[in-house]
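The data blocks that follow each hold one structure.
Next come two complexes, and both contain chain A; in the first it sits with chain B, in the second with chain C.
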Partner chain A sequence: MYRSQHLALKYLTAAIALFGVMTLAGLMAAYYYINPDFLFGLLHFNITKILHIDTLVIWLLMGFIGAIYWFLPEEFGRELVGIWAAEILFYVFCAAVAVVAVVFIVVQYGSSDETALWFINQGRKYVEAPRWAAIGVVVVMLVFAFNVLGTAYATRRITGITAVLMIDLVPLILLYLDAFPAITNMSEDQFWWWWLVHLWVEATWEVLIGCIMAWTVMQLLGTSRRIVETWLYIEVALVLGTGILGLGHHYFWIGTPNYWLTIGGFFSALEPLPLLRMVIHAIYDAGTHHMKTTNRPAFYWMMAEAFGNFLGGGVWGFMITLPQVNLYAHGTQWTVSHGHFAFWGAYACGVLSVIYLVVQKVRGLGHVNGALWKWSFAALNIGLIGMVGALLVSGFAQAFVERAIGGSTHEAFIAGQENRWFVEGMVTRLIFGLLFAAGYVALVWNLVTVGRRVPVLTAASEVK
Partner chain B sequence: MAALLVMLTLDSLAVIRPGGANVPLYTVINQHIDYRFDPKRGHDMPVIGEPDPLFGKPLNAAAAAVLIDKGKMVIQSRACMDCHTIFGNGAYYAPDLTKAWLDPAWETWQAITGAATREDAMVTFLMDPVKYRTWTRTMPNLGITQSEAEATVGYLKWIAAVDTNGFPPNFGHMQSTP
Partner chain C sequence: MSGLSLLETGLLLGLYVALGGSYGLVYAIAHLKGASILHGMSFILYALHGLVAIAIIVGTPLQVGWKGLVVVSSAAFLAIPPITWRFLRVTHETEAQG
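This part shows the complex of A and B:
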């Protein structure tokens, strides 16, 4: 194994640990809706929410970095340049995440000055981490970029996948620089904030996971490089063609000109296309190889990624993307339903697929199968879909009661939140959240024990 | 696509700067702000009216900018948008604040706090929301000082005057009791 692959193991382990923190914080955030007095005076909803969504971003980012550190040395046929710096930064990164979490929980907020933004909380959704930590994330990504670009330069070898990856690193880093400003004008603040959130998540991350899944398909199914790279180019073209101006669906209501209603509505309606491409690709490759694989959990998580991305990101996103619907759905639990499904389908399932692939290689398993992964796969996916469905019902009730007939006031908000359908949706969400958490425990147990619980067969063994 | 986005961005930034077509100057806090249906647009629009200075004290452009800037810093430092939303963006545990300045609920808080004006009631509430709780979901005390509360109220008044293409829908027009 290369040193960068040892580092990949550390990143993927940290990702799984933060996945657990995200799940716990999510359960707590869900419980506040049932019992608003929960931990009142000690730890409020906003901090729990921050822990939930920030660990979501960080565990996925660590998953991507880990996956790329795993695949890249095999792609280049050599150790990554400057891997020593990445090894040091991994520990710095983990320590920084821990410090930020402790500050969030213990200190929580500061007074209205720059000190609070630098050292406690920036108060901007998804990028609440104080500025010092955000600078740390930039440094980690710069070293990551140096590892990739430096190695490509040293080997003088660029494949289609690495070319796409290297180009994607530029906007990935540049857009994150938007995590720092505190612009007084909320319209302008949110204008740029969406460049970070949308163009990161719905463009650069999509390309990143596209590269990672391209390597995964090659290793899992033995699909030829020519085929996966062709699909990758198509996806990049579609993502850039639809996703860049799809940004416009975030510009309907923030004070921006009303031409965004047309532009954003049109292009974001096309955004499911690249996601549909992934489904076609997955079905095509799986069918071509007659569903044969030596790693069933990795294969099923890969298929879950393709379908989840299309359904959660594409179909659920399309449901609320036209301005006529978005006017009522925006900022309700309907949006939350889409957010959960999209992040899960687009990214989480892909990272889990890579992790199973890595576990197989590290432990030298001829094939990976068994019962426990199926339980975790079922509990996580049924739990997630149950939460998504429950949130959707609550979102419908909120959009109707609060927005359509209630008049969107404080009183209408309360009427929506106390509506029976809304409340039952929140309770159901928590129940399915608990199932999801049980799935997480089964997942971790399976990942820890899979080498011991499954007989090691020869590398040529296949499971139908 | 990227080039088109850059062009649209330049145009949009001109529209959303304070004093642009859709976003008022910060000194709008010296005026009365209303929200009425515009038949041409097909939705409600902010209407800037007669002088009605915040806390009865007119502010010049520089003083208004300082106040609004402080208000934004309060909103960020207290992570308000991890419970509330503004323009529908944020978290969904507490009400959207886009038109909070115009919300009829402040009449209730004015009665509860015994404040003479809406803005005084808002300041009193923000400084001790637990004491003036009206619902099971209670806003926690976030150590907001008098000056920070005044700045936050100024920010909410200014933001209520932003043209948001009719968001949130039907504001203040309850159609029936849910």
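This part shows the complex of A and C:
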């Protein structure tokens, strides 16, 4: 194994650990809705929510970085240039995440001054990490880019997938710089902030996961490079074609000109179409291989990615993307429902697929199967779908009672929060959240033990 | 938009994409299995998708432009599965021969 693949294992392990923190923080956030007195005076709801969302971003990012460090040396046929720097930065990255989490939990918030911005919280949703840590993320990404570009230069070899990856690294890093400005005009601030949030998620991350899934399909199903790269180009073109200007659906109500209603609505309404193409591709791959593979969990998580992306991004997104509906739905649990489903389908399932693939290679397993991964797969997916359904019901109640009938007044907000449908939706969400957490435990147990108990059983049967 | 028409419109839009996707899914399975009954079922799903599109056009307060987009999207939903399937088959067959 290459050193970068050892590093990949560390990144993927850290990703799974942070997935657990995200799940725990999510459960706590869900419980606050049922019992608002929970941890009153000790830990505020907003901090739990920050932990939930920021760990989501970080575990997926670590999953992507880990997957790329795993595949790249095989792609280039050599160790990555400057891997020593990446190894050091992994520990710096983990330590920074831990310090930021402790500051969030213990200090929580500071005054509205430069000190708080640098050391406690930047105050920008989803990128709350204080400025020193945000600079650290940029350094990690720059070293990551150096590993990729430096190795490509050293080998003088660029494949279609690595070319797409290298081009994607430019906006991936540049857009993150958008996390830094502290613009006092709210509309202007939101305008640029969405460049980071939307274009990372619906453009650069889509391309990253596209590259990762291209390598996964090649290794898992033995699909030829030419086919995979052809489809990667098409996918990237379609996703970027609809996703970049789909940014406009975040500009509907932040004080931008009216033309964003048309641009945002039009391009984001087209977003389900490339996702439909992915579903058909998944069916083709599954069918031509007669659902046979040496790594069933990796294969099923890959399938879950295609379907989850279509349902979460396509179906759930289309419900709320046209401005006339979005006027009432934005910022309600309806959008939270879409966010959960889309992130799960588009990214989490893909990262889990890669992790099972890596486990198979590391442990030298001929086949990966068994019962436990099926339990975790079922519990995680049923738990997620249950949460999404419950959030949708709560969101309907909010949009109906608070927005459409109540006209978004403070009184209407309270009426929405107290509405029976809203409250029951929140309780149901917590119940399915617990199922999801059980699925996470089963997943971790399976990843730790898969392939390790089989030799013992085989040895025992040989003794008999 | 009234509260009720908001929920109706949101649900119809979701159902519209879900049925378009179901058509694509069953279309692909039908071609994989060579089963004509599934092929017929895929077009029934597309017909249902079309009915939902009509319901959106006739029964929701969306502006004309968005209703036009729904019509155009329905044409794309119809075309994407066969085009994708054909392209997938051709690229795989070409690769196998090469």
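Definition applied: the second predicted complex is superposed on the first by the 452 of 464 C-alpha atoms of A that agree within 3 Å, B and C clash if a C-alpha of one lies under 4 Å from a C-alpha of the other, contacts with A are read in each partner's own complex, and residues count from 1 in each chain.
Everything that follows uses one rule, which is that contacts are C-beta pairs under 8 Å (C-beta built on N, C-alpha and C of every residue); 3 or more make two chains touch, one makes a residue touch a chain.
Model, not experiment: these values are computed from the prediction.
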Request  = Would you mind checking whether chain B and chain C clash or fit side by side on chain A after the superposition?
outcome  = fit
Key: chain B versus chain C as contact partner of A:Gly265, first or second or both or neither   = second
Ask   = What is the contact status of A:His6 with respect to chain B (first) and chain C (second): first, second, both, or neither?
value = neither
Query = Counting only touches as set out at the top, which of chain B and chain C does A:Arg78 meet: first, second, both, neither?
reply = neither
Inquiry  = Going by the contact rule set out at the top, does A:Leu273 touch chain B (first), chain C (second), both, or neither?
reply    = second
Inquiry  = Which partner chains sit in contact with A:Gly41 here, chain B, chain C, both or neither? Use first/second/both/neither.
reply    = first
Ask   = Looking at chain A, does chain C or chain B touch more of its residues?
value = B
Ask   = Can A:Val315 be said to touch chain B (first), chain C (second), both, or neither?
value = second
Query = For A:Ala404, is the partner it touches chain B (first), chain C (second), both, or none of the two (neither)?
reply = both
Task = With the two complexes superposed on chain A, say which partner A:Tyr328 touches: chain B (first), chain C (second), both, or neither.
result = both
Task = Considering only the touch criterion stated at the top, classify A:Tyr33 as touching first (chain B), second (chain C), both, or neither.
result = first
Key: Superposition-derived minimum Cα distance between chain C and chain B (Å)   = 9
Ask   = Considering each complex separately, which residues of chain A are in contact with chain B in the first and with chain C in the second?
value = 327-328, 401, 403-405
Chain A - residues contacting chain B, complex = 32-33, 36-37, 40-41, 44-47, 49-50, 109-113, 116-117, 120-125, 128, 182-191, 193, 240-241, 244-245, 247-248, 250-261, 263, 327-328, 330-333, 335-336, 401, 403-417, 419
Request  = Spell out the part of chain C that touches chain A in their complex, as residue ranges.
outcome  = 1-4, 6-7, 9-11, 13-14, 16-18, 20-21, 24-25, 27-29, 32-33, 61-63, 65-66, 69, 73, 76-77, 80-81, 84-85, 88, 91-92, 95
Task = Report the residues of chain B in contact with chain A in the complex, numbered from low to high.
result = 1-2, 4-5, 8-9, 11-13, 15-18, 21-23, 65, 68-70, 72-83, 85-96, 98-100, 103-105, 135-138, 140, 142-143, 145, 148, 151, 159, 162-176, 178
Complex contacts: residues of chain A adjacent to chain C = 224, 226-227, 230-231, 262, 265-266, 269-270, 272-273, 276-277, 279-281, 283-284, 287-288, 310-311, 314-316, 318-320, 322, 324-325, 327-329, 334, 396, 399-401, 403-405
